[in-house]
Amino acid sequence: MKSHTRYLTFQTPERFGLLNITDTVHDAVRESGVQEGLCLVNAMHITASVFINDDEPGLHADYRKWLETLAPFDPSPQRYAHNRTGEDNADAHMKRQIMGREVVVAITRGKLDFGPWEQIFYGEFDGKRPKRVLVKIIGE
Amino acid sequence: MKSHTRYLTFQTPERFGLLNITDTVHDAVRESGVQEGLCLVNAMHITASVFINDDEPGLHADYRKWLETLAPFDPSPQRYAHNRTGEDNADAHMKRQIMGREVVVAITRGKLDFGPWEQIFYGEFDGKRPKRVLVKIIGE
Amino acid sequence: MKSHTRYLTFQTPERFGLLNITDTVHDAVRESGVQEGLCLVNAMHITASVFINDDEPGLHADYRKWLETLAPFDPSPQRYAHNRTGEDNADAHMKRQIMGREVVVAITRGKLDFGPWEQIFYGEFDGKRPKRVLVKIIGE
């Protein structure tokens, strides 16, 4: 069994940001030499996500608006008890649960085994600082 | 290490549909010959889900109603910017994030290692056309 | 390839409860002897979750309140068709979809490869009875 580990770092200029990281994950798969296996990609921070969806700017604007409706940003400790700790990012911990922490992608014949529109995104809900993503590949 | 890959295709008669695919995934595990390992099952399309829950028609009706509340179908581009592209399925991209893209299931002694009520479902939120699901098994 | 399987049982005194199970999963990784691999941790019941987030009591109170807003407890069969079966836990099946069934965590140099704040939680939405969690580790 082969394994390969890679750490990526991202910093978004705003609190909210969605970055297409598919090519970088493809590179890690190529480096691994794995032909058949699994590729885990996860946010290492708890106010961020890794998810798979479409690379369409309108959809990304929709996600932003929709997540804001489900878990509005509110730095006050009245709405979110977490913000009594001095944090202002309780909403980001909620948004991350909707969008998910990780994806597991099959590797077949040395490539990410994707449907026609699948793209891997890093989803940032409390940005403006460097945060890490882990890529772990196992297989043969 | 053994690996096994299988592609399934589903077409639901309506936009929304939940299909129990547990037996088909069981078949793939049997074919693989894997006794101890992991089984990834994921939607290859970005307006569909694979998830694990109960096979109870009332619950499925509840999911349908609940998802419609959280992310209502609305083909107009006023509510969803994604629908400016000519698509009408922005809501389906949201519903899929709630229900999730994939499940990873343990294989123990040659079988999906399930709790008493766990069943694997394909969740379709923009149906009426053929869409694919990937089953990837690795182990020994 | 090595594999290791462990079943954990939890019973929360109330319907809702979040338990930090990180140390127990760490123990299972140590037992497995796996240095490089993947660790799956999943709820075996369909009204419970395994998820990764912060161990902060304010945040946990926020999750409880937030999930109640998105999918309110209501034993009546008027709101949830599932409750016509004699169950009263349809809301718990919804909450579990938001929080997720499982996490997959990388194992690197014999340890769970975590970011600074990542902790694994068992999320119970219909407690007061024993329920199981599966830990499955594969690697080398």
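In this document, chain identifiers A, B and C correspond to the written order of the chains, with residue numbering beginning at 1 in each.
In the analysis below, a residue touches a chain if its C-beta (ideal position, glycine included) is under 8 Å from a C-beta of that chain, and two chains touch if they have at least 3 such contacts.
Treat the numbers as computed from the prediction; the structure is a model and nothing was measured.
Colleague: Determine whether chain A and chain B, two copies of the same sequence, contact each other through the same residue numbers or different ones, counting it as same when over half of the numbers at the interface appear on both sides.
Modeller: Different: fewer than half of the residue numbers at the chain A-chain B interface appear in both copies.
Colleague: Using just the Cα atoms, superpose chain A onto chain C and tell me the rotation angle to the nearest 5°.
Modeller: When the C-alpha atoms are superposed, chain A turns by 120 degrees onto chain C.
Colleague: Taking the mean of the C-alpha atoms as each chain's centre, how many Å separate chain A from chain B?
Modeller: The separation of the two C-alpha centroids amounts to 20 Å.
Colleague: Out of chain A, which residues touch more than one other chain, so two or more?
Modeller: 1, 38, 70, 98, 100, 104, 138
Colleague: Touching residues of chain A toward chain C in the complex: what are they?
Modeller: Touch residues, chain A against chain C: 1, 3, 5, 38, 40, 42-46, 70-71, 80-85, 90, 93-94, 96-98, 100-102, 104, 132, 134, 136, 138.
Colleague: Quick one: in the complex, what on chain B touches chain C?
Modeller: Residue list for chain B touching chain C: 1, 36-38, 51-54, 56-59, 61-63, 66, 70, 98-100, 103-106, 108, 113-118, 138-140.
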